[in-house]
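Shared chain: chain A. Partners: chain B in the first complex, chain C in the second.
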Partner chain A sequence: MTETDFLCLTPFLILALAPIVIMLVISIFRNYEIVFGFSLLSLILAFAALFFIAPAIPHSIQPLFIIDMYSLFFLGIIFISAFIVALLSYNYIKRLEGVREEYYIILFTSTLGAALLAVANHFVLFFLGIETLSISLYILIAFQRTKDNSIEAGIKYLILASVSTAFLLFGMGLIYTAFGSMMFSEIATAISLQGPLTSLAITGFGMMLVGIGFKLALVPFHAWTPDVYQGAPAPVSAYIATVSKGAVMAVLIRFFFNIKGFDDHYLFIIISAIAILSMFIGNILAIRQQNIKRLLAYSSIANMGYLIIILLTGTNKGIQASLFYLISYFITTISAFGVITLLSNAKNEAEMISDYKGLFWKRPFVAIVFTLALLSLAGIPITAGFIGKFYVIFEGMKAGLMLLVFAMIISSVIGLYYYLRVITTMFSPAGETTLPQITFMGKFTLAAITISILILGIYPGWLIDIITRFVGL
Partner chain B sequence: MSGNQFMFYLFGAVIVIFSILAVTSRKILRAAVFLLFVLIATSGLYFMLNYQFLAAVQLTLYAGGIVVLIIFSILLTSHISEKFEPIKPQKSIFSALAAIIGAVLCIITLLDYNFKAGNAIAADLDMTVIGKALLSYKYDGYILPFEVISILLLAAMIASIVIAKKIKK
Partner chain C sequence: MLTIPIETQILFAGILFFLGLIGLLVRRNMIFMLMSIEIMLNSAGLVFIIAGNHWKQPDGQVMFIFILTVAAVEVAIGLALILQVYHHYKTLDADAVNKLRDQNSK
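What follows is the complex of A and B.
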């Protein structure tokens, strides 16, 4: 291995070292604050390391890793999101009984898994990344193990994720049979030599789509989403919705664009169908939800449906649109779950819509943050969500995907209904519920996220400029 | 039918029959034992392909190690006499449907695939080659994924301790 190889691996080394250090520290003496502080520091270091790598890219460590601007961008988003999730978790995890420091160890291993997906250029790393991520998620989801629905969510995710991984592996095996390589770029070369995809290859890609679709919670592989979001601790739900899905999206986009999947007739139809189903089923099922975590789960299904339209555009512009969309979706989702996290207390989660009755009159700041987050999820102007959706629609239209774009617009309108329902509940006369005090740190984090939602909504030019200048495959 | 063909069909039949038995059996310990037969027959297929190393790993790790682990955890957590409730007919219809669709898909793919007949027997890789590739940090070495696996196992270990640890009051 060369020096450049090591340089490029620094963020991963930091992420791998941090859990080991935490483990050693808590075996000597347990201190929640120290572990928390060290975790934040390590995530900042990992993020800072990205800037040192930047001059050395594009660089690939054969045969598995590819570190280019695209992966650096995803690594950056993943680290920042993990950082914010860690910040929001502080109070939430502190009040749990039993072991708490281990939460941060597992947060690191899962972030490492996610980060590996962003640089994967080979099925082996793809699979290892997804497994490291999922194994850590099983436990993060079931972390409140004294609660019934937390354990239930963990076991559901464990069983369903194992099944979906089996599909993913089988698909990889079939593709290896068809093309004789597990490297994305070599598969792409083999495809261009062999001409149209054989039925073996299409079955292989289809099986892989089942595995990936499960992780992204696309219809018809979405059944786990509401239960897991509901049972998991609120910051973990935020983590699943952002880091886990973003990382899988990163590897999916890289793989799909490498093999030029959009050129194949069958894959085109399959992905269009999944996209349309996800948008409509996600939005329609969300309407009847009384539980806000389940509502956000269905909303995330719909949002991922919008995003995979990008796969079919087949242009670099499309990838750039997807990056902007993901960033706006990440900050919006984190701020929505951040509100739930901060309003939950030791006894119960603030997860029913009725808990939010009259929130505006009791906690105006939190209510405004939540309103903005919901408006951004719905895609209302002056929020980041609007620009993200607009960008995706724009690129979709340019690529001539009229049917998908219309489906996206119609289902967005359906979606608006249930977001507005929550907002009107918050502004209705106050109810009887008692709310916990919100810490300064929580308020500060929420304010920072909300300001970035507004900045990206009002003045998105600079970020689009950065993305279009640097990022492409 | 040559001896090789006979063995292939024998192993194939064992795998199919015992897989079905493993998922339909209502006693969990029996299901685990049926799984053992499936794994052993699979290693037989590897032997026929001349992949001695893979076959040995399959036998020692899966048939030897994992099944024993499964049986241990069954004995520790449940009663042997316990039976699963029979599956509701509605559920079994759906799962049969899913299984049939999957089988049809596989059969279509197999029939469509252009198999080439050949006499060459795959040469088994030397053990030293496998070992060196796994630990080499040069081009084409697999030391990095090897390290990732160690983190993965670490995560799994910590996770199981966290979930199983007693809560101190």
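What follows is the complex of A and C.
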């Protein structure tokens, strides 16, 4: 290992050391505030380390890691999202009975897994990253041990995620058998040498698609999403919807563009079908939901459907559109789940739509934040969601994917119905429900996220410039 | 020495994988479901060993060791969660754990 190798690995070393330090500290002296402060500090340090790496890239540590601008970008958004989730969790986790400090340990290990996915260039790291991420998620989902729902969501996720991992691994094994290498770039070379894919390779890619489709909650591998979102603590749902899916998307885009999967006829048809099904089934099933967490789960299924259109464009411009869409989806989802987190108390989660009746008259600030988040998810102008959707549609049309773009527009209209239903509930006359007080820190975080939704919606140019600088033309 | 064609070897791993999958779908006891998942993971490991042997590379066996390690972690957490399920529901039947579902009443 050279010095540059070590420099490039600093964010990972920080993320790996932080949980160990926290473990040692809480074995001697348990203090929630100290652990919380230390976690935020470590995430800031990991983020700051990215600036020191920047001059040394692109750098690859053979054969596992590749650290380039693209991975740096994903590392950045993963760390920022984890930071915001940690901030929002403060009160929610503090109110739990029993052990609470361990939450931050697991948050770190899962962030480490997600970060590894962003730099993976080899099946071994791909597998290790995805497993570090999902094994940590089993614990986070079942963190409220006293609640039936939490345990149920945990065991459901555990069984289904392990099966999807088995599929992913078997697919990787078949691809290794077919091409004799586990490195993304060498697989790509082998594919270009061998010509059309053999049935062994097609089976391999198909099985990998099952595993990845599960992690991204694409139809027909979506059945776990609403149950897990509902049972998991609200900040953990936010984490699954953003960091976990974003990291898997990072490695999927890198792998897919390396092997030029969009050139293969079968893969093209399969992914188009998955995208269209995800959009429609996600949006249609969301319509009748009475539970806001389930509603957001179905909406995330639809959103991932929009996002994988980008895989089929096969251009760098397409990747830029997907990065913009991911960022707008990240901040919007975190803000929606942030509202749920802050309105929940120790006894019950504010998860039914009826809990939000007349919210505007009782807590106008939170109601406005939630309204903007839902409008952004629906893709209404002056919010980030609109620009993101517009960008994806624009790139999709340039690549000639008319059917997919058309399906996206129609299903977005269906989506508008259920978002507006929640908004009208919030503005209807006040109900009887009592709401917990919201801390200053929570208000501040929500305000910052909401302002960024508006800024990205009104003036998206600067972010597009940044993304262009990271991904190139 | 007798050499077995690689297709047969892969087919063998595939059969193991689907045995695991069928076990998972048929069994309702969570411990058995966890065991079926282990079979699936190990059959995937077997594919890596076959491929590593086929290409004369150590990579396949390295991957297998990683798979073993991760599978062990998964089982540890799985058993801990199953213990919690037993505390709450007093049963290991997967069908009993079904409180989370779509409520389509309006």
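Assume the second predicted complex is superposed on the first by the 471 of 473 C-alpha atoms of A that agree within 3 Å, B and C clash if a C-alpha of one lies under 4 Å from a C-alpha of the other, contacts with A are read in each partner's own complex, and residues count from 1 in each chain.
Note that in this section contacts are C-beta pairs under 8 Å (C-beta built on N, C-alpha and C of every residue); 3 or more make two chains touch, one makes a residue touch a chain.
What you see is a predicted model, and the numbers here were worked out from it, not measured in a lab.
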Touched partner set for A:128, first chain B, second chain C, both or neither: both
Contacts of A:149 with chain B and chain C, given as first, second, both or neither: second
First, second, both or neither for A:291, with chain B first and chain C second: second
Chain B versus chain C as contact partner of A:354, first or second or both or neither: neither
Which of chain B and chain C A:102 touches, first, second, both or neither: first
Partner chain(s) touched by A:200 [first = chain B, second = chain C, both, neither]: both
First (chain B), second (chain C), both or neither touched by A:62: first
Chain B versus chain C as contact partner of A:139, first or second or both or neither: both
Which superposed partner A:192 touches (first chain B, second chain C, both, neither): neither
Contact residues of chain A, present in both the chain B and the chain C interface: 124, 128, 131, 135, 138-139, 142, 145, 154, 174, 200
Contacting residues of chain B [partner chain A, same complex]: 105-106, 108-109, 112-114, 137-140, 142, 144-145, 147-149, 151-152, 154-156, 158-159, 161-163, 165, 167-168
Of chain A, residues touching chain B in the complex: 1, 9, 16, 19-20, 23, 61-65, 97-99, 102, 105-106, 109-110, 112-113, 116, 124-125, 128-129, 131-132, 135-136, 138-139, 142-143, 145-146, 154, 174, 198-200, 203
Of all residues in chain A, those that touch chain C in their complex: 123-124, 127-128, 131, 135, 138-139, 142, 145, 148-149, 151-156, 158-159, 162-163, 165-166, 169-170, 172-174, 176-177, 180, 182, 200, 226-227, 230-231, 285, 288-291, 294
Touch list for chain C against partner chain A, complex: 6, 10, 13, 17, 20-21, 24, 30, 33-34, 37, 40-41, 43-45, 47-48, 50-52, 54-55, 57, 59-60, 62-63, 66-67, 70, 73-74, 77-78, 81-82, 84-85, 88-89, 94, 97-106
